[in-house]
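Read through the structure below, which is laid out as structure tokens, and then see the notes.
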Amino acid sequence: MLEINNLSKIFGSLKAVDGVSLKLGRGEIRGLIGPNGSGKSTTMNLISGSLQPSAGDVSLDGVRVEGFPSHRIARLGLVRTFQLTRVYTSGTLLEAVALGVRAAQGSAWNPKRWIPTGENAKINIAAFEALERMGLASRANEPAGNLPGGLRRVLSIATALATRPRILLLDEPLAGLHATEKAEVSTRVEQLRADGISILLVEHDMKSVMRLCDRITVLNFGRVIAEGTPEEIGRHPEVIKAYLGRKRNSDA
Amino acid sequence: MLEAKDLVLEYGGVRALNGMSFTASTEQVTAVVGSNGAGKTTLMNAICGLVKLASGEIRLDGAKLNGLAPDDIVRKGISLVPEGRELFPKLSVLENLLLGATVRPDPTRRRKTLERIFELFPVLANRQKQQAGRMSGGEQQMLAFGRALMAQPKMLLLDEPSIGLAPMVEEQLISAISDYSRESGIGVLIVEQNAMLALEYAQHAYVVEQGRVALSGPAAEIRDDPAVIASYLG
Amino acid sequence: MSAFRRDLMTVCALGAALVVGGFVGSNYMLGVLVLFGMTSILVLSYRTITTMGGWSFAHIAIMGIGGYSVAILSKPPFGLPVLVATVAGGLFAALFAALLSYPVLRTRQYYFFLSTFAAGEALRQCFIQFREITGGTSGIAFIERPEILPNPSSTLEFLCLVAAVLVLLGIFYASLDASDAGLKIKAVGEDEALSSSIGIDAWALRALAFILGSFGAGIAGGLFATYNGIVSPSDINAMLMFKVVAACVIGGTTRFSGPILGLLFLTLIEEIFRVVPEFVPMIWGVFVIIAILFGQWARGRLMVWRAKNA
Amino acid sequence: MQILLNCLSLTSFYLCFALGLALVFGVMRIINFAHGEFFMIGAYATYLCISTLSPQVGGPVAWAIGAIVAAAVTGLLGLVLHRTMVVPLGDKPLAIFISTLALSYVIQTIVVQIFGPVGLSIAPPMRGVVNFGGAILPASRLVVIGVAVVLAAGLWVFLMRSEAGRRIRAVAQNPRGALLQGIRTEKVGRLTLILGSSIAGICGAAMGPISQISPYMGAGTLWKAFIIIIVGGIGNIWGAVAAAAIFGVLDTLMSQFGAGRFLALTSAAVMLFVLSVKPSGLFGEKE
């Protein structure tokens, strides 16, 4: 499905991402982890088209998409969420998610789209369904601006989901959630996988990452330092070192 | 002594700090470790007055800090080396350092501090005229340290100093800083996700989780506590 | 849907009020109403541009394109009927906006209002300089009123025409606002990065809002030209631009009623201070400053109040 | 030679006018629309000083006093502007833009009430022409060039050498970093706005004797200054200097070769072209 090869991004003298390759299969949850500043967010931005790679390629079902603007990549079925949550806050939850449904339909230049849609039942049903999948259906008619920060993250996933993506890039979806909410959102993310959506997951909550992911890729200094199942990653000495740091004199 | 009591802070509905309390000596290195999103950077910003606490109290040697403007907090003796360094990329090394001394106008003391910083980081002395943005990551981090020391702080706060640095460089830098703190008797509060590195140089440590202190004690003990590894790798 | 209905009602009520006012009012009143109706078209089209999140300062210059188009096209060698020329003027304005949109819409915030302001001023200078086409500073005179009016010299009939155009364009903008495209335009205005990330072509929608909004400006320009019988660079004055912006600032742009009420307020001030017209810009200015500063103050109060009651 | 002098003279004027605007824009990311009116007030202040004082102290001294008064008055206006609009409106550039636009009408109206809407002329403080190898330049234009050079050089020295200037540059580059050094960003903003406004006032004092002064003189020039700071690039004062030179030369050459009527068109075309290629201006950095 999604395949990235040798992806690199250089900012001035800094190699933020340095030859990262990974493959994401259908219905797979792939974790992308690593310490702060290891290049996870930059990788996400490169894949989703928010940044242009300095080198390397990104393919979606065999189509090369690197260098495409993000809205085109989204139209091809790859949608991301943001680390600093972005949601539409001017209307209700349902209206916010309905924009996701609308985004996936036709060009705005077509004058047919300049006619009021009114209470478009089809769009609302699709939006409601996306909210339901993320467990927000009961709040559908509340103003999105009143939603607490953690749930805004969930709403941003629902908005992305409403575009009917095949691949989701989730950037720290569990940050700021309470333990019970974390468990619930994790379960819902697993359900998305069962529905055949592939997910690339950046997350710091290691318990959830270990539980959710089929495979995990670990970055440090912009490079892939390890790749494998959660069990393998949990034992991997270099991963432990990257996360916890080295003890001087101990394993030197 | 830097004391924080029951700090609570919310960001758009998320509790970044949830009743955090700790004390840090102005003569020692204190480490605050914890995984990402545990509230470490927020803590630093709160101490420096960049974000407002919902409740709680921060005191330095008994004087209340919270509620003061950032420049008054710097004047009281708190200097932050922020995550991402926040240098002035188009200004020269020397200008960056001099800006660090904004709250300390006395020229003789200023010159003395500058000399000590040049001793500590000779690279900076050799590159006084160079644009800060053109230096390597390690040199930039040295400059950020130097700039913070120019304010002659009682307490130096380091926010994730190891980010983006090669292991050799980060170790050198942190040991330089801890030596400096011992010599000049200033406190260091270091926030790190690279826990082992921070714990190596700290005397006392706090492990934070979800905006509150989960564990505290002498750094050496914390280092060998299996609970620490558990809180990182689940 | 209810918001759409409310906007429709606003424009229909405004159109009806203009016509009724025209029938009962004095001759002087008639003139004020015609101006109010034409400026309403400007303000409503301007509101459409603001929904994409950028405040253009080229709106009046673009209106000038409509005015000059009518002046030129309704005279030999073209000799088009005035109404046809007016529609063509709207289309030319939209075309110009389309050309302008590539460089200008790449910019944000300060750059956007600075560059539209500079582009508009440059356009006005062009109207002055290209004498052969535009008649220089004196402009083009003797523009006819639309032929379809039974009695072209009757201001009342012209007022009815303005009201009709206002209602038609109002319906167009209201339906755009409530349409799929309009919702996406507002989404882009609210958060461009989020909109792009879910597959909305932000640039195309910003351009769409700019072009369709400029169309209305062109139509309004055509009406001004045929009403005054003359276009000249002095019509493209900064005061009118300020009036349009001020109406939107004072009334707010969320719904159609906001800018219209804002315009009503400014017009009332203009009429009250009719004997000392030189003070009108100052009083408008003072009210805009008050509206902005008070709005800021009130928002701050509201936040404090919310925090206390949370 | 004559062409060169004319280029220099026009560049100086553009530079004078755009410098203050670019400074304020670069440091605070706000646009003071009333900048043109501050320029106009500077010219009127000079007019008042010259017409009342020149019989007693002579033209040049009266002009110098006028320039100082102009700088003081506009600097004070800058301070008031900072207190009443910039601080309360914080980081809302559009709100500040529109409220300063409104302010410009308030100022215009007041000046029209005091001095009348028609233009006045200031008796030039220095008469005669200066001869440069066959090319001539009226002395009062030389004053403009001199003022521009002194302003640009003075600003350069102030920004690069003084401690306050260093702080201004620090805030322009990284406001958050500056805050962490204990720099009061609000104070720096106030100083910048006062400085930028005084520069507008001095520019008015220099230009007054050359052209007619009128309440609308500022508004007529402002759009060109906008083009200059857009082409020069956001937050880059030296970019504005370069852009002033580009337009100074371009416009002089075009007038020289009888294409003066295309001036507005080419200025706009240059601006739109630069924006198409580099939306952040020639020397600007991406925001």
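In this document, chain identifiers A, B, C and D correspond to the written order of the chains, with residue numbering beginning at 1 in each.
Operating definition for what follows: a residue touches a chain if its C-beta (ideal position, glycine included) is under 8 Å from a C-beta of that chain, and two chains touch if they have at least 3 such contacts.
Nothing here was measured: the structure is a model prediction, and the numbers come from that model.
Asks: Name the chain whose C-alpha centroid is farthest from the C-alpha centroid of subunit B.
Replies: Following the centroid criterion, the farthest chain would be C.
Asks: When all chain pairs are ranked by how many C-beta pairs they have in contact, which pair ranks first?
Replies: Top-ranked chain pair by contact count is C-D.
Asks: Go ahead and note the Å separation of the Cα centroids belonging to subunit A and subunit D.
Replies: 49
Asks: Between subunit B and subunit D, tell me the centre distance in angstrom, where each centre is the average of that chain's C-alpha atoms.
Replies: Centres of subunit B and subunit D (C-alpha means) sit 43 Å apart.
Asks: Report the inter-centroid distance (CA atoms only) between subunit C and subunit D in whole Å.
Replies: One centre to the other, that is 31 Å.
Asks: Could you tell me the distance, in whole angstrom, between the mean C-alpha positions of subunit B and subunit C?
Replies: The mean C-alpha positions of subunit B and subunit C differ by 54 Å.
Asks: Find every residue in subunit B that makes contact with two or more other chains and list them.
Replies: Within subunit B, no residue touches at least two other chains.
Asks: Subunit C: which residues touch two or more other chains?
Replies: Expected reply: no residues.
Asks: Two or more other chains touching the same residue: where does that happen in subunit A?
Replies: There are none in subunit A.
Asks: In graph terms, nodes being chains and edges touches, is this line, ring, star, complete or other?
Replies: Contact map by chain: ring.
Asks: Using the contact rule from the top, write out all pairs of chains that touch.
Replies: Taking the chains two at a time, the touching pairs are A-B, A-C, B-D, C-D.
Asks: Could you pull out which subunit B residues touch subunit D in their complex?
Replies: Result: residues 48, 50, 69-71, 73-75, 80, 82, 86-91, 95, 98-100, 102-103, 147, 151 of subunit B touch subunit D.
Asks: Which of the residues in subunit A end up touching subunit B in this complex?
Replies: That would be residues 12-14, 35-37, 85, 147-152, 172, 175-176, 204-210, 221, 234, 240, 243-248 of subunit A.
Asks: Name, in rising order, each residue of subunit C that touches subunit A in their complex.
Replies: Touch residues, subunit C against subunit A: 1, 4, 172, 174-176, 178-187, 190-191, 193-202, 204-205, 208.
Asks: Quick check on the complex: what are the subunit B residues that touch subunit A?
Replies: Spelled out, the residues of subunit B in touch with subunit A are 10-14, 35-37, 83, 133, 136-137, 160, 162-164, 166-167, 171, 192-198, 200, 223, 229, 232-234.
Asks: Which positions of subunit D touch subunit B when the two form their complex?
Replies: 163, 166-167, 169-170, 173-174, 176-184
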